[in-house]
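There are structures below to look over.
Same chain, two partners: subunit A is paired with subunit B first, then with subunit C.
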Partner chain A sequence: MVSEAIFDTINRLLSSHMLESKLLNENEIYSEVSLASHKYDCINIYNNIDCVLVDLFGNDTSEIDGSITVYYTFAVRSSNTLITLYIKLDKKGSMQISSISKEIPAASLYEREIKDMFGISFTDSADSRELVHHGNFPLKVHPLKKEFRKNTRLAFEKREQSFTSISGTGVFEVAVGPVHAGIIEPGHFRFSVAGEPIINIEAKLYYTHRGLEKLSENEDYMKVLLFSERISGDETFTNSLAYCQAIEKINGITYLPERALYSRVIFAELERICSHIGDISGLCVDTGYIFANGQFAMMRRWIQMLCEQLTGSRFLRNTNKPGGLRRDFIMDNKKLILDCLNNLYTEFNDTIEIIKNNGMFIDRVEHTGILNNSIAVDLNAVGPGGRASGINTDVRKEFPYAAYSKLKFNVPKHANCDINCRMNVKIEEVIESIGIIRQALDKMTDKGSVAVEIGKLKPYSFAFGMTESPRGENIHFVMTGADNTIMRYKVRTPSFCNWPVLCHAVNSNTLTDFPLINKSFNLSYAGNDL
Partner chain B sequence: MIVSVLKLLVQIMLILIIAPFFTGVIKKLKSKFQHKIGLSVFQPYYNLIKLCKKDLVVSSVTSWIYNVAPYIYFMTSLFAVLCLPVVHQLIGPAYFTDLLVIVYLLVAGRIFMALAGLDTGSAFGGMGSSREMLVSALVEPALFVIIITVSSRTGIASTNVSSIYEYTLSHTEAAFSPINLLLFASMLMILIAESSRIPVDDPSTHLELTMVHEAMVLEYSGRHLAFIEMGTHIKQLVFMTFMANILIPIGFNIENIFIGLGIYILKILAITVLVALVEINTVKLRLYSIPNFAAIAFIISVLGFLTCFILK
Partner chain C sequence: MYNAIKKLFQYGTVTVDYPKKHIKSSYITGVPKFNYDKCMHCMKCKNSCPTGAIVLSDNDGQNGKVPAVNIDECIFCRFCEEACQNDAVYFSNIFELAQKNRNDLRAAPLIIQDEDVSVLDYELLGKQLKENVKKFYGKSLNIREIDAGSCNGCDYEINALSSPYNDIERLGIQFVASPRHADMLMVTGCVTRNMEEALIKTYNATPSPKLVVAVGACACSGGIFKNSYAGRNGVDSILPVDVYIPGCPPRPQALIYGILKAIGRS
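Up next is the complex of A and B:
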């Protein structure tokens, strides 16, 4: 209903130069605009409709129309609608687009990604440096073009990377990573510091780029499901869920068995609890609070053990499939889950009370790593990071999926913007998640099928799958090719949105507080690099 | 002559053997307090053996300082502990040294470590060096007040180890005086700061940006690192020995060396329990809160100093 109203508004706003416009999959509006006017159109929509830029990606559609399509996706969070403007670039043409990054700051990162992956240059952009291509990656290679073959062996290059340099008396650059002292994911951080205070920090990621999007090209959709489960270890279920939802939308499956929907909610929330408790545990480890760390690590293990008992995988791998679940994992394990949650609930609350009463711990997290609301809004901060800075957004409420529309829960929102606030959001979300699982177990029937056949994939169709991962809004775009294959699988994880946000939160803190701020966001490197 | 040389050698051996043990005990206690099994108390020994077997990786940009610093750090720590009476008798250098010598021996070792941290040219080394010097500069005043208090009690206001030893030997009941308790509390804080423990530094962290001592020695490997670790174990023992023998001289006047040694080890074990308890119950401070920590240590020691005159 609401989507149609927005559809009309868009048609009116862009009427003069819109080439094509359609409303697909109930809430996805696709409008083709011309290369000449797209900048004006994007800004027009951004300013006139209450929406945020949530995705911007290319797609080599040369097998259909000999061009590269670039999609600008805006989410209207207030009315469950996605607006996608797309432009077609002739592959033989100049491959130049005018940038919107100066008007819409969140676009900058996406444009840099497209530039590296497709070789499309953006004129008049705020930042035109490489993003994916790190110092050892050959510049002329654009992996997502169809000409690039999957098994190409890349040459090893050695290039100086450019960072914003800050000079002055007593200002030093500290380079950290990509290899760290602990066993963590690779990422390079360049700090400009004056003694301890950080003046500027830049993150250079993509050292763990595995080419998941390229690997998914022309693969069977069931194989791509396995890729989606491997985007990021602790977001396995939400990522596969987003992918499955996109496939289901493409095949027009609007009804899934209730048991499948509730089971998906249960697993997604178990994953969230696990991830959030892990984050809080990490905060304790970084402050040297070993007792609390041990407590939270234990509780996290409880949930992982429960997941293993239910599905055979601690990270919930091989649980989802397009059309439902692989089998009925909940079966008669209701009591098992409830017992585990009851234990968790008491233990969690007790430990939280202890850490909240520890003045030294609170002193570390309070007023540290402040992320201003305006920066969070401009860069589209998502998940607990955004919610702690006053952005009240949650895919579960705004783009309800699975059985979330039938369940009652609150989305915690705070506005103090510091680490403590982000921790509180996570703590409250754990409590909410326990409530959600209890409700879901209560509402679901004892028996019933957990999957429907989805049949043969509709060729050359596309859809978005959205989920709220533990780290925030997760958007997967899937376009099918012929014979059950996937032509383009674009993943935009919450980590991608939040990395630049993190850098802003770190500025003007001290070096010793950086790991703590980093942990409070706990972004995935693999999920960002793909 | 030969007897005293032998005694000295025995004492050196003894210190080398027991020093890593207490680090192991602290780690074990920390695990026990969390209901974890924890590593063996002998793990520090295994680590030292492992490090000695490993190759050295030395950056090509380093100078001689980098290569000699571990040995200087180790030797100064060892010499510092030899300056203190470990059991009933004064052995070797403890006859003729001064408490201030101990402080400056430790400072000398630290200066070389800080220089070595800078020598590699890596960002972390410099960062660690500057933080380590900050911490040590902050706790030094408290250490001096403690030394002055201890020496002013002797009547001749001498910082000579021998005169303090004599006084302590004849006043073992002073262990329970408020002066000693205050000095003990202050010394415990200094011990924590100097041996890079929570809440000042986190010895087990993997986060290179938050490290203090570990950042400074981040580039070291193999034999060099083994000497630095051994030096740290011994340095910790310097402060613990000071606390055990001079601040709580219970049983210090027992003449049987073996019983005396047993009591000494028991007292140090008691101190390790305190250190482990502090580590388990506190959280690493913000870097800018370390001055507050040092200020508290200083104030407590000054209170001890003043009490010394009030009780006179």
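Up next is the complex of A and C:
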């Protein structure tokens, strides 16, 4: 109903420019606009409707209409609606569109990604440097175009890549990575420092770019499910859930067995607990607080053991499938889960009390790594990082999926913006998650099926799947091709949104605080690089 | 302080004495096995395998050509188990899968394509030093981990080796911050284009004699990310690998088994 009202508003706002407009999958509005007016239209929507830019991606639709389609997706978080404006670019044409990155700062990284993957250039953009390929890709080769074969072996080129540099007396640069001192993923950071304080930092990522989106092209949807599970190891379940939800929407499956919905909630929350405890444990390591690290590592292992006992995988792999769950994992394990959660609840609270009373630890995390609310809003910060800076957003509340609409829980509200605040958000979320799982176990029926047949995929249809991953809002776009294949799988994980935000939070802190700030966001490199 | 000490007494030692005592393994997902008495040769398992790990082979020379699995390519997705109507495929609890030779993991011999042949001549050097390595690192070992394009599942499991439960330092093994201090490189991921140079530089920075361990299906064979424009098919396409640890991701005990195998202690 609300979506329909917004649909009318958009039709009114863009009346003269709109070529086609439709409302699909209950809450997704798709409007085609012309190449000439799209910049004006995007800004019009952005300014007049209370929405944020959540996705911007290309799609080579040449087998349907001989063009490349570029989608601008805005989320109206207050009323559960996604607005997608799309433009069609002739493949033989100039492949140029005007950039919106100066008006909507969050668009900048998306535009650079599209430029690398599709060869579309954005005129008048804030930043047009290479992003994905590190200057080793031959010019004019763009992997996500249909004519590019996914197993092509390309020669290595060497183009120098520039960093934002700051000059002046006493300013020098520190280069870190891609191989780091700890056991973490690869990424390169270039710090400009004057003495200890950091003036500017630039992150060069995409070291783990495996070509996941291209590999998913023209593959059977069940194989793409496995790709979705391997986007980021510790977000296995939530990523596969977003993918499954998109497929279910495409096939018009609105009803799933209750048992499947509640099981999904339980696994998604177990994953969140595991991830958050891991983050807090990491903060303790980086402050040299080994006792607390040991405690949290022990609790994290309890959850991983529980996951393994339930599903056979410590990372909840092989659990989800479009239409429900692969098997009935909960069965008569309710007691096992409850026992584990009860232990966790007492132990977690005890340990939190200990670390909160440790002045040396709190000194390190308080007033460090401050992320201003205005920057967080402009760059669309999501997840605990955003929530600690006053952005109250949670997909579980705003775009309810699985059984979340039937469960009671609170989203932590904070605005202190520092590491301590982000840690507090995570602590509160762990407690909320334990509550959610208890409710779900309580409301779940003891018997019943956990999956429905989804049948043959509807060809050339598309939908968004959204979940709240431990790191924040997670959006997957799926477009099907013929014969149960996937034509385009676009993944936007929360890490993609939060990396530029992290770089701003680091400024004016000392170099030694960087690992701590990095850990307080705990972003996934693999989830960003794909 | 009092509370912290109380906790220390409450839990005591939680470390699992893994290599000495076997761990409880009823729910562990191990390597897929075939029951050839039930197999109807319908090839549904082979067709359902997303990485092409299931092949037809005639290894024992008795049953004729039957399906078998290349463990280095297997990502343990259970699709074969679900596809089989006769329950001829089942997942065992065997997780100690590490092997020094990749062919020992495979049911079908490895065919190396020309483009994947290593251009570095480190391999020869590595072979000569291998014997010395065993002698030098009998008791203690320093490891440097490199992520060359994994999904971070393997990295979390390697991280878990230092947790109280596995506490790998009790075996004289520790993770170090620089390749200059390392005796062994643990490489995860399929080796992406963007990480190739960094991986080779790290390898060169490690003093000889050195060991390389490939962790996870991606590092062993490319796994599900095989034949991508953005990466290679595993670590052994650019570096000589001493031990392969299959799994997606391999559990911490499987990693301990692999590390100890590399230094000849298991």
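We take it that the second predicted complex is superposed on the first by the 525 of 530 C-alpha atoms of A that agree within 3 Å, B and C clash if a C-alpha of one lies under 4 Å from a C-alpha of the other, contacts with A are read in each partner's own complex, and residues count from 1 in each chain.
Everything below uses one rule, namely that contacts are C-beta pairs under 8 Å (C-beta built on N, C-alpha and C of every residue); 3 or more make two chains touch, one makes a residue touch a chain.
In this text, all values refer to a predicted model and were calculated from it rather than measured experimentally.
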Using the touch definition from the top, say if A:183 reaches subunit B (first), subunit C (second), both or neither. both
Can A:129 be said to touch subunit B (first), subunit C (second), both, or neither? neither
Which of subunit B and subunit C A:208 touches, first, second, both or neither: second
Scan A:510 for contacts with subunit B and subunit C and give back first, second, both or neither. first
Partner chain(s) touched by A:230 [first = subunit B, second = subunit C, both, neither]: second
Tell me which partner A:146 touches in the superposition: subunit B (first), subunit C (second), both or neither. neither
Look at the residues of subunit A and decide whether subunit B or subunit C touches more of them. C
After lining up the shared chain so the two structures overlap, which partner does A:413 touch, if you call subunit B first and subunit C second: first, second, both or neither? neither
Between subunit B and subunit C, whom does A:175 touch in the aligned arrangement: first, second, both, or neither? first
Quick check on the superposed pair: does A:294 touch subunit B, subunit C, both, or neither? Answer first, second, both or neither. both
Touching both subunit B and subunit C, residues of subunit A: 181-184, 291, 294
Per the touch rule above, subunit C residues touching subunit A in the complex are 3-4, 7-8, 11, 14, 27-29, 50, 75-79, 82, 91, 115, 145-160, 163-165, 175, 177-179, 189-190, 192-195, 198, 202, 224-225, 227-231, 248-249, 251
Show which residues of subunit B lie in contact with subunit A when the two form their complex. 30, 33-36, 123-124, 126-127, 130, 198-199, 202, 205-211, 218, 279-289
Contact footprint of subunit B on subunit A as seen in their complex: 172-176, 180-184, 195-196, 286-291, 294, 358, 360-361, 363-364, 510-515
Under the touch definition given earlier, write down the residues of subunit A that touch subunit C in their complex. 133-134, 136, 143, 148-154, 156, 178-179, 181-186, 206-212, 214-215, 222-223, 226-227, 230-234, 236, 278, 291, 294-295, 297-298, 300-301, 304, 308-309, 312-315, 317-318, 326, 350-351, 353-354, 357, 524-526
